[in-house]
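In the two complexes that follow, subunit A is the common piece, with subunit B as its partner first and subunit C second.
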Partner chain A sequence: MAVEALNFQVAPSNKGRQSKRSLWLLPPILLLAALVVYPLVLVATESFTGGLATWREVVGSTEFRNALIRTIQISVTSTIGCLIVGTFLAAVISFVPFPGARIVSGVVDAMLSLPSFLVALSFTFLYGTAGVLGSLAGGFLTTPWAVVLAEITFYTPFVMRPLLGAMARIPRVQLDVAASLGGGPWRVLSKIVLPEVKPALVAGGSLTLLLTLNEFGIVLFLGARDTTTLPMLVHTKGIVMFDYPGACVIAVVQILLSITLYAVLRSALGGRRARLD
Partner chain B sequence: MTVQLEDVTVHFGRTCALEGLNLTVAAGETVALLGPSGSGKSTALKAVAGFVRPSRGRIRIAGVDVTDVPPAKRGIGVVVQQYALFPHLRVADNVAFGLRAARRPKAEVTRRVAEMLDMVGMSTYARRFPRELSGGQQQRVAIARALAIRPPVLLLDDPLAALDAQLRADMLDELQKLRREVPDVAIVYVTHDQAEALALADRIAVMRAARLVDIAPSADLYAAPPSAFTASFLGGANLLPVEVSADEVRVAGHPLAGVRAKEGNNLLCIRPHAVRLGSGGLPARLLAAQWRGASSRLTCAIDGLPDVRVHIDVPAGGPLPEVGAQVSMVLPPEACSLVPAGTR
Partner chain C sequence: MFAIVLAVLVLAPFVVVGAAAFSGSWNGVFPSDPTTSHLRDALSGDELASLTVSLQTALLGGLLAVVFGTWAALASRTASAPLVRFTDALYHLPIAVPSVVVGLGLLVAFSRPPLLLNGTKWIVVIAHLVLMVAFTYGTVAAALQRTDDAYADVAASLGASPARVLWQVRLPMLRPAIVSAASLSVALSMGEVGATIMVYPASWRTLPVSVFALTDRGQTFVAAAESLVLLAVTVVLVVTLDRLRGRAVER
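Up next is the complex of A and B:
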């Protein structure tokens, strides 16, 4: 009797523990579904309310194609700019001893916490028609280059942060020896430092590429004429023109673009995702 | 003179890491900078390499003042304790780095790299990455890399410190061979290990607390150390307080025949292996005995000098007195020298 009772108790308790464990998974999954997946599904279904016709119409429009090309142009140009400026600044902060290097690196961290539209706002003060450099810049704000410059300004710290960490890990004596072998600063940077911080460079660059692809605040605030990007188009169609299905089509494209890029970068980075600091 | 240091002083912030060093190293000469950590020996080497800037003094290489010349323009070979190989470059590319920086023709680079790797016995490892090599192998590559650019001066900063004992002995052999391969190169060898200094150096510069204490040919420095610090740091000599009168030297009241008195020098210096146990010597008590394989190290206290420990190395195999027993300690006069006290 006792054994039977024990048996009866033992078997289900094992099962019970397993089901209990999967019970723990339930709340986060439900939360994710409710907060993230469900709205996305809504967006996706909304894009199909008019059948494939809406898709054909939106994707076939020059408006969409121009925005897609513009988005990629701006984000690739900004990312390259960020990589160049970020590498230069990180190298100077890491290897050129100057008073205040720590403060500069602290400012870099602080920049990461600021909202991106602040940069755009400050740009209107600098380059706007009534701005400090307004007369000099002469309509600069209305070109896509203003967006690129603002994005470089804002996203460079995202490249610098992982780079500063990686550069700090290079032993100084290695650079000393490289110098003694006749390597000038440029050669040491290109042949020793950059190859050694490549993972950080890839991580920072891909993060910037993703973020600039989806950047909205800077583009909206600068409101440049020729600068309609995909997020801007979603905004215009959905909020301004009440073409909700059309906006959803573009939103789905935007999501696919981001996820594809993310997947490519994940596989390119291999197991080094941890270095995304 | 290939390397010339004139009153070289280095400050890091407020601390003085090197104080007024004067040193010359001739072509083909090996000078060891020997001292405990913090003695300024590595700082001196870094100043010659150009990694630190002296706050005072001049450095000349082959007669040219290089004090304000950046390291890349000095053409000096440097090997450091941590090897500092470039981790993303293969062995051959590590060795080629300096040659490529000097824009040597491709054929010459290939030939020179092969020659260098052959010299350090690493030819079969040319395609490996540094992480695939042992410590000793990495250090050989580092040496090949430094010598590839045919530097007139080679600086070695404690190159064997990171290796284990057996490997250290092997590498010491290698370094001696290497010395013969590059007969014209001036070598500055920084070490805290007196055995390395004695094995490799023509002259030894003993350093302590940011200053040069003594410099002399290795044999002279060992046989007749000019200071108490050098006597004990180089070869771990026994230092016994003596009373010096006009023509006599006494230890604990016993006169030592054959030892000549020197004015102001009142420490007797004698190496542990030179002291013998035998009859007619100083009465002493054996405090401890350590068997070290080929020899045994005895620690004794001379009667009347209870605070001074005297070390004696006796060949293994012979009978040893019991610990605590009374012994008689013979100090052969030819192995004794007098050094001034106070600078210990």
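Up next is the complex of A and C:
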């Protein structure tokens, strides 16, 4: 009886402290609820202002379908490119001794926080009609490939960073033994390094896939006629044409696409989700 | 081979933008007519105004993002598990959603009562706050996981009030993380274009939006010069903030 009374007393007081502590989370939660969730909910309701008619009209348009396909094409191609180039660069930085390797990894870190439109801007000088490679690459700038190349340039460091970390943890001895047993560089890379760094490859690749799906700056600056992506279409409809309901429909599709991908990635990567940030 | 791939991919864009900023024309393989007039254009009139707008937005938005990101990370340490998961998901939302959509949402939400912010600078600051807070929360929360709770527990057991534990134990231990969160959010905010271009009023045009307006008008050389200014200012800000962190570690 006494013990029960004691338990009865202890439990609520702990609970009280817990809920009081949880109260401290209320202001930050309310802030994001007001500034992110509420606007997104309004976007969803706004997309239904004309009933289902707006949806039918937008989703049925070839403009939307082309943009959707284009977005996925560019995103997947860029991610594959980033993975190939990033693995190559990270392997060289990690395993081939050369002066300035540390400086290079510092540059890689710095690039992560730079704006993506810089790459697109530089492309107008590199591949533009009056640029470095202008005569060779005539018309390249107006193709989706220009966007893909710009995204590979910008997002490769996002793949390299987790890879560099993972490669630093592979014991050198393991590689030396493989090499001494007659494994060529490519064989060592594919049989030993790649299986070891697979989680980092998956993490970096999926982050890149999400970011390229959402990329706006590069597409805006390259401004190619045939290269309209979903984020670009949201901007055109919302700001240039003032068609809010139409823009909201596309935004909802984009949100569903991105959030689904993000949720799948987070659950698939589990404990590695910190890498996604 | 490695050097070529690295040079073409990583360094070329910056070299090219830097070279274009100082050249009068670029009709062959190399730029010609070296000049500083673009840089002067980029540092005068409207363009200078954008620089100060960008600086104010980045510092204000970054500061608010650091405050709320740190707050959320610290508070979620002691809260119940489901609530923490909810907060975690909420604070990752702005990363998962494209910035253009975040901007559209703010535009739709704050062009109507109860809060009419469309057309003011505050909608731009809010957009930057929302986008950066995800990163500051992530950085501080990750650092919190690595710190040892024992220090705070000992301080509390010796009779320090919760406020004193927070102020004299927890925050100093988190200072390096808070500083790097601040420099990351300032750098990202200086270059933010997706959400800003959706919400900015004519009176509050940030530097990246000005750069876009210039390229759109075909003034690519001035745009390059202005990008160079943007890069230089960002580097100075990040290095200054990094100094703060260095001193914190020495202490």
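Worth a mention:
Heads up, the rule we're going with is that the second predicted complex is superposed on the first by the 253 of 277 C-alpha atoms of A that agree within 3 Å, B and C clash if a C-alpha of one lies under 4 Å from a C-alpha of the other, contacts with A are read in each partner's own complex, and residues count from 1 in each chain.
We adopt the following convention: a contact is a pair of C-beta atoms (placed from the backbone, for glycine too) under 8 Å apart; a residue touches a chain by one contact, two chains touch by 3 or more.
What you are looking at is a predicted structure, and each value in this text was computed from that prediction instead of being measured.
Annotation: superposed three-chain arrangement on subunit A; subunit B versus subunit C shows no clash, the two fitting side by side.
In the superposed model, A:L210 lies in contact with subunit C only, and not with subunit B.
Partner contacting the larger number of subunit A residues, of subunit B and subunit C: C.
In the overlay built on the shared chain, the residue A:P195 is in contact with subunit B alone; subunit C does not reach it.
Of the two partner chains, subunit C is the only one touched by A:L42; subunit B is not. By the touch criterion defined above, A:T236 lies against neither subunit B nor subunit C after alignment on the C-alpha atoms of chain A. With both structures placed on the common chain, the touch criterion links A:C248 to subunit C but leaves subunit B unconnected.
An angle of 100 degrees, to the nearest 10, separates subunit B from subunit C at the C-alpha centre of subunit A in the overlay. By the touch criterion stated above, A:T143 is placed in contact with neither subunit B nor subunit C. Looking at the shared chain after the overlay, A:V173 reaches subunit B, while subunit C stays out of its contact range.
Once the two complexes are laid over each other on the shared chain, residue contacts for A:P28 go to subunit C alone; subunit B is not touched.
Here the smallest spacing between CA atoms of subunit B and those of subunit C, following superposition, is 21 Å. Under the contact criterion defined above, no residue of subunit A touches both subunit B in one complex and subunit C in the other. The touching residues of subunit A, when paired with subunit B in their complex, are 171, 173-174, 176-184, 187, 191-192, 195-196. Subunit A meets subunit C in the complex at residues 18, 21-22, 24-25, 27-29, 31-33, 35-40, 42-43, 46, 85, 88-89, 92, 96, 98, 104, 107-108, 111, 113-119, 121-126, 128, 130-132, 152-153, 156-157, 210, 213-214, 216-217, 220-221, 223, 230-231, 234-235, 238-239, 244, 247-248, 251, 254-255, 258-259, 261-262, 274, 276-277. Subunit C makes touch with subunit A in their complex at residues 2, 5-6, 9-14, 16-17, 19-20, 25-27, 29-31, 68, 71-72, 74-76, 78-80, 83, 86-87, 90-102, 104-110, 126, 129-130, 133-135, 138-139, 142, 184, 187-188, 190-194, 197-198, 208, 211-212, 215-216, 220, 223-224, 227, 230-231, 234, 238. Against subunit A, in their complex, subunit B makes its touches with residues 46, 49-51, 70-78, 80, 82, 84, 86-89, 97-98, 101-102, 142, 145-146, 149.
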